[in-house]
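What follows is chain A paired twice: with chain B in the first complex and chain C in the second.
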Partner chain A sequence: MRNVFSIFATVAPQVNIMLTLLRRYGTLIGFAAILLFFWISLPDTFMTARNWLNISQQMSMLIVVAAGMTIVMVMGDFDLSVGSMASLAGIAVAVLFTVDLPIWAAVSLALMVGLVGGAINGVLISFIGILPFVATLATLTMLSGLAFVVSGGKTISGRVIPEGFSSFARGGLSLGEWGGVAITLPNLTLVAIVIVALVWVLLEQTTFGRRLYAIGGNIEAAHLSGVAVRKLKLIAFALTGSTAALAGIMYASRVASANPTQGSSLMLNAIAGVFLGSTFSEHGEPRVLGTILGVLILGILDNGLTQLSVDSYIRQILVGGIIILAVSTSSLTKHLRS
Partner chain B sequence: MPLLALKNVTKAYGGVPALRGVNMDISPGEIHALMGENGAGKSTLIKILAGVVSADSADIRIDGQPQNIDNPQTAHRLGLRFIHQEFNVVPALSVAENIFLGRVYPRRSGLFVDWRRLNDAASKTLDRLGITHIDPRRPLGSLTLGDQMLVRISSAFIGQAGTPAKLYVLDEPTASLSREESKRLFDVLRELRGGGASVLYVSHRLDEIMSICDRATVIRDGRSIDTGQIADITHDDLVTLMIGRRVEDAYPPRVGAPAVHTAFRAEHLAIRGGKSLSFDVRAGEIFGIAGLANVGQRNVLRTLFGDLPAASGAMHLAGAPYRPKSPADAWRAGVGYVPRERRSEGLILSRPIFENTSLPHLARQSRWRSFLTPRREQKSAVAQGELVRLKAAGPTQRVRELSGGNQQKVVFAKALAGEVKLLLLDEPTRGVDIGAKFDIYTLIREMAARGMGVVLVSSDLPELLGMADNIAVMRDSAITHVLLAADLDEERLLNLCYGRTTG
Partner chain C sequence: MTHRHKTLRALLASTTFAITALAATGALAQSKIAVITPYLSQPGTQFYVEAFQAAAADKDWDVNVIDTAGDVAAVISRIEDMVTQNVDAIVVNVDPSQVSAGLQAAADAAIPVVGMDAGSDPLLVTNVTSNGYAMAAETSTYVADRIDGEGNVVMFVFEAFPPVQVRSVVADAVFGNFPDIKVLDRVTPDVADGGIADSRAKMEAILAANPEPGSIKAVWAAWDQPALGALQAIEAAGRQDEGVVITGIDANPQAREAIASGGNFEATVAQDFKGIGAAAADVVSRVLAGDEIKQGVVYVPTKLITIANATAD
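Take a look at the complex of A and B:
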């Protein structure tokens, strides 16, 4: 029975499978290629525990913000204000230290700033009905202005920052020795891991997460199925705001100071990380573990290219190109398949 | 010579015939009605004329010349104009801009739009059609629906340069117009006819057809049944022609009589845009709601489902007061809902079957009402799937991959997964193939037999007559009659929908 049609029947599914593999694993293959490239180009420094722990610490703030960003992007929304929220929270914690508040109180209050700011985004978007782009663009500007007003436009540093606060970022969990070098898991990395675990449980294991994915899939059907769309959106934005504030506090701890612009790079990288990460999932939806992989790709590129002394502006161009490549591979293969 | 002559037009969608041979001709300068029940093939025929759908076979002649209409541009060039509800209009632009949309606006120094000339030209166009009450500078979106329709007609009247309009096709133009607006529309149509153009007028509304049309063609089951002068035909003849002889029973038989106690009661319930409604649905009863398009049936269901607030009145569910403030309240109270648009309202196509069926019942199916138990959800989805005779690869299959009938069964599985006391159905078999239709009818019967109250809104009159125990007739957001289905036939029900009590 080998005729023209049976050949078609056998070839077409194989092409189909290849396209599926490319779509699902294209980014992963690219990730592996990047790792291999740096490993070969930087044989002594790249694939070392020390470098990786360093990367993890550098990236811990971005990971926290990106994990929080995933929560709103699951619903098809996004939050542009996370960067200035992080800056404001950093400023807030530092300013609270200047009035001699204990560390726990200052940190809690700064986190509250994030929660309230995020809830304001949520009210604007879900109850007043402003598009997330417009609403969070406006709060981005306001929070950024607020950070300047509160700080007087200056960097807050020096003795007002308690030793206990800045030493947290320097400390870590000792993992023993490896190859004669003491290995320590930095506290900031630990915080990032905890946040990722929490967001994973929230999105993948709870009714809350399931409902957010339902809103992202079809908001009207979700509403008619009894999902309290407005309330959940508000909570989701409040959570995203809180993670942004946490990242700002982590940053302040790491550099033992706060200035009103130090979180500004976080927003674009977090959104890029979620987009890159969504190419890992079968149906292209954001998933928090994918987000972490996406953020890691960005961080590793940054780390490797810096070590190769590639100019930072060239790095920006490369990173943008890689995002376009990953997302277009994913959507092109999707088109070809259907 | 007829302006437009159609001979033996046939069309099948995936082996299912929609048109089995339509013959029809339209003379110059006449208003010609195209009539038929839902699914008779009217919209397919119009799509073929518009060049949106290609016929399997057709002999189409315009002014005696055979024509092949393979795309909308050809249709336009041949002088055919289609007035759709949402067609080629931009609400934010002015009336004048909309009338000349698609044409080059008059310019000053070849660069800037000459607004004065544009508005003057629009005024002149409107005047020629006898429309004097519309300011061409107003944004289209600020006009009433009826006036927007008139602007669309003016735009079609202008069309592209060098292609005079010969035939205007209007599909249910008065569905959402007031009586006054409809009258204005008819004046404009007569104006067009006076100018020598023809109109193909598709409508369910017999009174309108009797008053403005010259001739009518009736199609049924994809065939043209008859064409005749309106002057020679009565209202009742038209109804009989449309319905034809009774089709064989396509509905599963009733199982026993409904119980005596009520499952649901509405007392002086004020729905949005309507008067107060009172009705009872007994346990095990299928309560049908009939009516022409958009006379408030949807708002009744939405109010019962807590999605629209009731201005006043009371509802009782299984004897207890029932005051839903949201769909979530309704689901909790034991009200299940199958919305009209399954793809946009009923389903999350990108998610698996089990996530769809469990969504309204998620808290109940989870540990401590918060932590997902996918295995329990999937087990429940499988059980519900068997109940509704769902054909799928498994509970994790994405809903997008299912056929229309099976998607609708997922919507039913979702609605029935809780402890349902009242089931609300809005056009439950729309766009569903015949086999799945029968499954759904059987399911509705089974659910009624279990003691649920069922409210069935349908524009398919045979479906209502075949399924419902009692039928409420709605007109202008009010219930005008509640009758035993056994005492009704299709002709009488249709007449009641049109507001004619005799017949």
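Take a look at the complex of A and C:
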């Protein structure tokens, strides 16, 4: 099969350019098609500032986790424990509120839990040499168990959650009026924007980031050329753990409560977002801005299909289908070019 | 190559087509009502959502049922989406204190939200539910009476979900009121698989730790799945003749069958799911008609199910 296509490819050189375009921009075209489709189907409600601010707020936690996940996926690794870490951080912050710690202290300590948990993943993977799948699967289970133990299996809600903490997720930065409607940039969206900017600078503008990409490209070559692979992996996993914890705290603020399983849906969606996002980049490597587009595709499908009254289970089938479509377009065209 | 290119384009096009076809199902009707729950895979939830839909069919409503598969923050997101769509009413089946951001968005848009077995909240018009305290009182007193107020009891609880949590509060109080009843273990099963399999595993461990016949007098479960798991464990261990009394709550079909067969599983409580769904639909239609609902909670009566009435409706 592939031979036939490569003959085609050699026959027509301009085909190469088209394939490059399709591979580089296929997902972008799909993204635009989805936007256009919802815009046409929901002319009054979809392409409104209000709806987009809603989407940005709804996706803010997943964006933070996925941005953090991108850091380790750049090295070709991944972290399955982010969902449990988010749950544990949410529980941690809520439990700390029950002992009357001020908000800043509880949030800082919960973030430390993420940093330490992520660093433990890093040690298991880079210093002990356990495969990321196995190491983070084990910590996923442990962190989840820990969240149950610390909370006693209960949902922590009600008066123990300070008003200042839960009102953070409801508040935002006023952007003035837009067509007679007050527009507010939600605080959760602001947090997500800040994290994305930080991860972007880290991965794209620093030596640290370039070295992570070098490890992802060829770990042996990176090691031989003097990159401190183990140390960098440790730091990368610690950062991923911290972002997962931050997302868990944001989640707890949004639902004004903490439950030992509430972060569990974040992990698979974050990985899906990074994979979808990687099809936007030139060589199929994860880039944080691509990840954000990937996550937005998932969020827009949720938002648009809900507004169209489409069965929520159909959305899951569509998301899986879109990932396969995007990644196979990218990989097929790559085969054709070579 | 052109052929391949066409295929890829066709793939993209067909996805768009599929979405369009799905969208066509959202036909227009008079009143748009959204039912939002993270718990649709639980049998109890399915029953009253179906009953609500049945009641809504007579009223010519366009009902959109949304399941967020366990994700509570997604319930807030879906409420926001429904507010964007400006639906006429929203029905939720989730602890309202966890989705107050969404309820506030609905309140700001003057869209009424009715709780269906949710919990009380000032942002809800009302909450339609069974009386969890009363149901747990029925089964825990049944257990206490059957074992003559004496012996070891295993409890299966789930405190993360408030409507189930209130049940264990009453059971704790009832068992605590009998000086000779000892609660051997308070187990929270993993419900990811529905709750039966993990409850069975937990019960098997407890049976292994308590091998003496008669060392476990009863199993009180806050809902039916753990009761069924415990029953399987007791039968698999060959200890069904020790007279261990098992009770559940909810009276799902499997539980009714087990009770009708006359084994260790002796009692459960039937919530009137049809009644809850119908009562919720009734509240919605009253709200749409402009009525003010005074009660914060609308209780729908329940019924103790034993071998005497397990096969009756």
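A few comments on the model shown:
One rule holds for everything that comes next: the second predicted complex is superposed on the first by the 327 of 338 C-alpha atoms of A that agree within 3 Å, B and C clash if a C-alpha of one lies under 4 Å from a C-alpha of the other, contacts with A are read in each partner's own complex, and residues count from 1 in each chain.
In this text, a residue touches a chain if its C-beta (ideal position, glycine included) is under 8 Å from a C-beta of that chain, and two chains touch if they have at least 3 such contacts.
Just so it is clear, the model here is predicted, and its values are computed rather than measured.
Once the two complexes are laid over each other on the shared chain, residue contacts for A:220 go to chain B alone; chain C is not touched.
Of the two partner chains placed by the overlay, neither chain B nor chain C lies in contact with A:113. Touch criterion not met for A:300: it reaches neither chain B nor chain C. In the superposition on chain A, A:211 makes contact with chain B only, while chain C stays out of contact range.
Of the two partner chains placed by the overlay, only chain C lies in contact with A:22; chain B stays clear of it. In the superposition on chain A, A:245 makes contact with neither chain B nor chain C. In the superposition on chain A, A:270 contacts neither chain B nor chain C. In the superposition on chain A, the chain among chain B and chain C reaching more residues of chain A is C. Of the two partner chains placed by superposition, only chain C is touched by A:313; chain B is not.
In the superposition on chain A, none of the residues of chain A is touched both by chain B in one structure and by chain C in the other. Those residues of chain C whose C-beta lies close enough to touch chain A in the complex are 1-2, 4-5, 8, 11-12, 15-16, 18-20, 22-23, 25-26, 62, 64-74, 76-78, 80-82, 84-86, 95, 97-101, 104, 158-162, 165, 188.
Chain contact summary for the complex, chain B toward chain A: residues 305, 307, 326-328, 330-332, 337, 339, 344-351, 355, 359-360, 362-363, 366, 369-372, 398, 414. Contact residues of chain A toward chain B in the complex are 204-211, 213-214, 217-218, 220-228, 283, 285. Contact residues of chain A toward chain C in the complex are 5, 8-9, 11-12, 15, 18-19, 22, 26, 29-30, 33-34, 37, 41, 45, 48, 50-51, 54, 57-58, 61, 148, 152-155, 157-158, 166, 169-170, 251, 254-257, 259-262, 264-265, 302-303, 305-314, 318, 321-322, 325, 329, 332-333, 336.
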